[in-house]
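Labels for the chains are A, B, C, D and E, by order of writing; each one numbers its residues from 1.
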Amino acid sequence: MSMSTSSHDTPGTEAGADLSLRALTKKFGAFTAVDELDLEVGSGRFFALLGPSGCGKTTTLRMVAGLEEPTSGRIVLGGDDIGRLKPYKRPVNTVFQNYALFPHLDITENVAFGLRRRGVKDVKNQVQEMLDLVELGAYGGRRPAQLSGGQQQRVALARALINKPRVLLLDEPLGALDLKLRRQMQIELKRIQTEVGITFIHVTHDQEEAMTMADTIAVMNKGVIEQMGAPADLYDNPATTFVSNFLGQSNLVSAEVAGRRAEEIVVDVNGSKVGAPASRARRTEGTVWVGVRPEKVFLAAAGEETADGTNTLPGGVVSDVSFIGVSTQYLVEMPWKQELTVFEQNTGARDGFRPGDRVDLHWATAHTFLLDADQDAHAGDESYAALAGAAS
Amino acid sequence: MSMSTSSHDTPGTEAGADLSLRALTKKFGAFTAVDELDLEVGSGRFFALLGPSGCGKTTTLRMVAGLEEPTSGRIVLGGDDIGRLKPYKRPVNTVFQNYALFPHLDITENVAFGLRRRGVKDVKNQVQEMLDLVELGAYGGRRPAQLSGGQQQRVALARALINKPRVLLLDEPLGALDLKLRRQMQIELKRIQTEVGITFIHVTHDQEEAMTMADTIAVMNKGVIEQMGAPADLYDNPATTFVSNFLGQSNLVSAEVAGRRAEEIVVDVNGSKVGAPASRARRTEGTVWVGVRPEKVFLAAAGEETADGTNTLPGGVVSDVSFIGVSTQYLVEMPWKQELTVFEQNTGARDGFRPGDRVDLHWATAHTFLLDADQDAHAGDESYAALAGAAS
Amino acid sequence: GTQGAKQAAGECVSKDLSATEKKMKFSNWPLYIDEKRVKQGGSKVTVYPTLQKFEDQTGITVDYVTDINDNNEFFGIVRNQLADCQSTGRDMFALTDYMAARMIDLGWIQELDKANMPNVEANLSESLRSPSWDPERKYSAPWQSGLTGIAYNADLTGEVKSFDELLTRSDLKGKVSLLSEMHDTMLFMLLLEGADPADFTADEYAAAIERLDKSVQAGQIRAFTGNEYAQDLSKGNIVACEAWSGDIIQLQFDNPNIKFIAPEEGLAIWSDNMIVPNKATHKANAEKWMDFYYQPEIAAELAAWVNYICPVDGAKQAMEKIDPSLVDNELIFPGQDLLAKTYSMMGLDSKTEQDYQQQFAAVTGA
Amino acid sequence: MSVAQLSHVVEGHAPEPPRKRRGRATGYLLLLPGLLWLVIFFVLPTIQLVATSLYDPSGSLDTGYAMTWSVSNYFDVLSTYQEQFLRSLLYASIATALSLLLGYPLAYAIAFKAGRWKNLMLVLVIAPFFTSFLVRTLAWKSILADNGFLVDTLKTLHLLAPDGRLLATSLAVVTGLTYNFLPFMVLPLYASLEKIDPRLVEAGKDLYASPATSFFKITLPLSMPGVVAGTLLTFIPAAGDYINSELLGTPAQRMIGNVIDSAFLVQLDYPSAAASSVVLMVAITVLVLFYVRRAGTEELL
Amino acid sequence: MFVALLVLGYMFLPIAFVVLMSFNDPAGRLSYQFDGFTWNNWLNPCAPAGMCEAVTKSLQIGFLATVFATLLGTLVAFALVRHRFRGRAATSLLIFLPMATPEVVMGSSLLALFAAAGVAGSLGFWSILVAHIMFCLSFVVVTVKARLAGLDSTMEQAAMDLYANEWQTFWRITFPLVFPGILAAALLSFSLSFDDFIVTNFNHGNTITFPMFVWGSAQRGIPPQVNVVGTVMFLVALLLVLGGGLLQRRRPQ
């Protein structure tokens, strides 16, 4: 599998470098953590690597940083093969998940560390500038233990950025922060990246984080990249059940391809005819998964409305309603006993439904996608996996 | 301040007990962590205590559990004053944030601990039943270290529940779990509470968690309860800027009360007249904060639409657009330089706006609330606090 | 296995450096030389008057150390070196007859040059001139002789008359110490058994050991000690003990109620002998020392302080000038009556010695 | 449980596998000087000790000792010094128990109650090490002296019989041993107590455990690694000590250490001395293994 | 807490006595009770013949034993934590055994070896040193190992990532972070060596260390200056540890 986002697809600064991983593989004994991975990252990009725990994200980053030796494959940075260089010879820096600040050095010395190792002059000023950039100008004399989590995080960032690496690797740098602080730091990080124009490769568990920050997302699973692209592309047009479930939620319903009209594939879902754009069909015959995002679905009282160009699944019964402030989340039980999810923003424009209400589900044909039915409908659904694991 | 939710408001099982805290105060030296707190929790309720870090949630819970001695005030459970009982004499159990499982005992013995201390017979069967309830029937022989975080969490729950306490205290029991697992555990917890009918008092930082799980939420700030009620009530009708910011996000705009017509207060926002239901006005004269939730606001191209019963603020310019899958978040800069936030669900019904587009903001009069302008507009906005703190 | 410890004569002698190095080191017992406390730079220090005289007269600096507490213990300290033909760091030490005998037998002791010691030749008491283990005094010269008897603290107990009382009197229980050297203590035990210490059988010895063990088991004996008994006796932890004559007289300066008596069973008599070990590099200096202390006046001055039996003829006369009250002191110049009550233990071959020592050790627990 | 596992108990944590495989050569190179040192000056001597214990007992200093594989030495010392052997183990056990009894509250207080005095208290536990062990034991001898202030006071208060004494008793020896090895008990206890999450104790109280029950069911079991390490570090040196018995006891309190010391240094009876040493070492190893196995399988993680 | 203070009191009773006696002006030659106050012992600490020489010997041996044991032990600890090799279990056992061996046994077996090797006659400074290094070694390994095992390896990775080569990583990161452990080990070694009597007693030849001096003088009457040395050592320990703690706490603003 080979994918690429090169810098000429989207405008970006040219300060970073093209990073390209070629058939990169890492085995731990018999276990393959990263499997013939191919990847191109354009310079100046904010690239997010997303995937479930254990899929090989950290291992990939460590190979790029030189902290792990690849079993095979190459790592090319701006034309040079850096795959066998010692970590301290690579123009690549890392922001570690636990920050890994040096507890015995003050903030200034932490940030200055890389420059000093390279014998750079005028360290003082550069450090001060960098601390100002991360808004910690006044904290240079403190020890890491005297800073809060968010501040430590920014020190780690400054310590890496000051070296003007050609690629900055971020391994869940926000993982340890609490929700609100995390959102705040996301904005900071994005601001800084825009300012410095360095290529960022950002590993995260948090899809919302990936979607708001990155210009390219790669979804990784079991050592390989399942899909890669701009956030909205990936979200709207998932290529696999794994991606459709892992990135946001999806309703996936089993259906049979019934025919084709113009640019549309028509499928039969338990007797209802539903259309999908041919361009979003990953499979065009036989059994397929019909997919639609919960927020794209519109609930209507049974039999009430229909419009042209709209798919309808009738006969649902509301089984659960949860109010979550911004929106309300409905579970609707369909006649074939499957529960589908529908999100409705609480705009206040209309009253909601209650459990027991009979409803029809409507959505635009354009928002439908078709996936290969051979794939597991629950792939990538971690809460499902957790439940299954617990019950086993 | 005194508030109550009693069990006859909403049907609930009667297994739990009414808990009532009266003028409960806890001082640490000169610092007052909990300040004359009054609280009534109806039996069988799922009660959520929400508030920023350090506001006194844990201290309150610890006083109820008996792990901290109140400086003054009373704790009454089902009519009995338990405020001076030793912790091990109280029919109250706690699920600790870090679980606090006994590492030297296996799961069965962890769960059996409370029963054994009370000399209960037939411990074996009860433990097995309880483990089955939390879906860990097969794990009795393991040590806590051999379980995953989510599993440990359920053991902690089982260990507390097996004692059939009259009140179960949960101090951020899900805080350490990752996002997806957390959502999964929320569903579990809610299911179990429904099944056992015990009064739950649940402390959390996560508003979404509070809103989906609890039937009553109390928002706490600096040792006192700012507001209490059903989740939707609290969300739609915040009494203070603190609540409006802490529970979800709010746009708060400074305005002058300009008059009153029927059940509506009219205010002037930088020249635009905006209405608010009198029932949702916490202040009816002079300077006020006009509040509206981001998801209630509808963006339209400048000058395009208006409807009756709708408030409009014209002259905005889109300054930032973030796609977050389910919805898109807009920042709109108003003529008076304030940035307002608007959420729009990605229903696919229309194309979004781009940065630079000129837009008007519209929302239903009914969704407007008015707050006391003496309050800090940023109270309870933790990301703002974090930013301010970092810059200081 | 290990090699035997015996050395052939003359094999381990080092070159004598006395001519160039005006110094020597002498290991001796505590309470065995005349002392004086003098103020020096604000604090009191102890000086040894006769030793100072020696240093002044000869220009030899003497390192005088009191690190002999018990013959066997000291043997243990120097045996490795001597058996290995290495220096002990000492030029001379004073050991009791049987131990001196043992070391000479092992070939560890250097022969003395009598030409350097005219005073010794002239003044050594007749009775001490030819012990069986060094008939010609080729290797040794007595430092002092002494008596082993009983001491008690009259402040803390009534008179203790016999060794038997020491072992049996209930008011003394746990406040009695005996000497840790087998030769000292077993001599009295043999007397109690009715055996002759100068000629006893293994069975008699076994019976004596048995008797000692009973006292130990009964908790009568608080300690088996070397010379350190003096401390516990003066502190009061011990109220009565087996003791060496001169020590006790010296303790009387600080506490007149500490008494020395001759037990009804008799007394032990012994001499401590100056000997020069192999590899000592200042033998000639040591010989000068011996010669110096065999001047009657010096000997008397020493005896007047240490109160041990003086081995030097003419010292009694010299004493007239120093302290006439001591001329008739039986403990310094014993008469025939006293000497008649004294015993010493017969010589033992090394095999028997080892066996007896082991039996004794098993009782003393050390 | 093997002796290797035992060592981990003493160290208080399980071995963790090396993180990264680096050059083996470097590893061996780092080990070499230290291990060589231990082999030459610990292992070889121990082998020599065993060899010496089999020398011909009828040898003597004068003749030297021949290697005759005389296993009988063992029977001889066991029968002659049986009493001292047993006493050593008994005293060491009592002293260990007393140290535990005294050391536990101290370690507990330092870990949980000392607050800002914690460091100071820890220092106070370690500092006595620097005042020579002999000097302190001699100080005890003076403090407990028959005519000393302490005994006089106790006699005046009728807490001690008029002819009673403190010095030169089993009590003095055992308290001396307890005193000397108390820091070896307190430090590991403190280390393991400090690791205990106080919330576990709170959880216990929340689950109906009274303070006493909480202690026995939670705190104590969780501090077992410290208890095991502390008791070993106290028991082992105490069983071999002879200074306390020598200075504070009488011949009736002599321990095997005295026997070994005197046999080696005064009697110069090498075979018996070595045999006694070996017996002591074996006895301790067996006891310790037995103890660790019991403590290990029942209470340890 | 009360019991704890009592226990601390028990631990300090003899030390208080030692401090008191360091000011004693003994009336007689064999006095071990407080007869009167004087500064003399403090003003003339070296008055007793041989004592200061013995203290010097002990300090020398303590210092050298500390340096060597700390060096060798630290290397072993690094090997154990950071390297993979055969015979790890045997090595751990070998490290543990000296701690599980009573001192008499250790001292006597060393003497047995020296005797068999025919060097028993030349024991002294070197044999004491060798023995002290031996028994301090295990304690060093255990102490440093604990610190090293607790060291977060991402620190070192971060350093490498920040252009520090292996050597710089070791000296700038690993070593400073492990240093408190090494220091603690060194302190422990020094106190074990300085305090040792039993092992030394077996292998000292003609060399007199401070404990040997105390033992010897205990037989003839302890000079009060011994208490001065005891008091000074105690104060030095107190200052060292407290000072070290303060130094760690004192951090730039």
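One rule holds for everything that comes next: a contact is a pair of C-beta atoms (placed from the backbone, for glycine too) under 8 Å apart; a residue touches a chain by one contact, two chains touch by 3 or more.
Molecules present, by chain and UniProt name: A, B = Spermidine/putrescine import ATP-binding protein PotA; D, E = ABC transporter permease.
Note that the structure is a prediction, hence the values are computed from the model and not measured.
Common neighbours of chain D and chain E, listed by label, are C. When chain pairs are compared by their number of contacting C-beta pairs, D-E comes first. Note: centroid distance chain C to chain D, computed from Cα atoms, is 39 Å. Rounded to whole angstrom, the centroid-to-centroid distance between chain A and chain B, based on C-alpha atoms, equals 28 Å. Centroid to centroid, with C-alpha atoms defining each point, chain B and chain C lie 93 Å apart. Along chain E, residues 32-33, 115-116, 218 each make contact with two or more other chains. Within chain D, residues 145, 261, 265, 270 each touch two or more of the remaining chains. Counting partner chains per residue, chain A has no residue touching two or more of them.
Every pair of chains in contact is given here: A-B, A-E, B-D, C-D, C-E, D-E. Within the complex formed with chain A, the chain B residues making contact are 135-136, 148, 150-151, 154, 178-181, 183-184, 205-208, 211-212, 231-232, 235, 247-248, 293-296, 298, 322-327, 343-349, 363-364, 366-367, 382-383, 386-387, 389-391.
Residues 197, 199-200, 202-210, 213, 217-218, 221-222, 224, 299, 301 of chain D touch chain B in their complex. Taken together, the chain B residues at the contact with chain D in this complex read 65-67, 86-89, 92-94, 96, 98, 100-104, 113-114, 117-118, 143, 159-160, 163. Interface residues of chain E facing chain D in the complex, by the touch rule stated above, are 1, 3-5, 7-8, 10-15, 17-18, 21, 32-33, 72-73, 75-76, 78-85, 88-106, 108-113, 115-116, 130-131, 133-134, 137-138, 141-142, 145-146, 149, 153, 191-192, 194-195, 197-198, 201-202, 210-211, 214-215, 218, 222, 226-227, 229-231, 233-234, 236-238, 241-242, 245.
Residue ranges of chain C in contact with chain E, taken from their complex: 2-3, 30-31, 35, 41-46, 65-67, 69, 80-89, 226-228, 230-231, 234-235, 251, 254-255.
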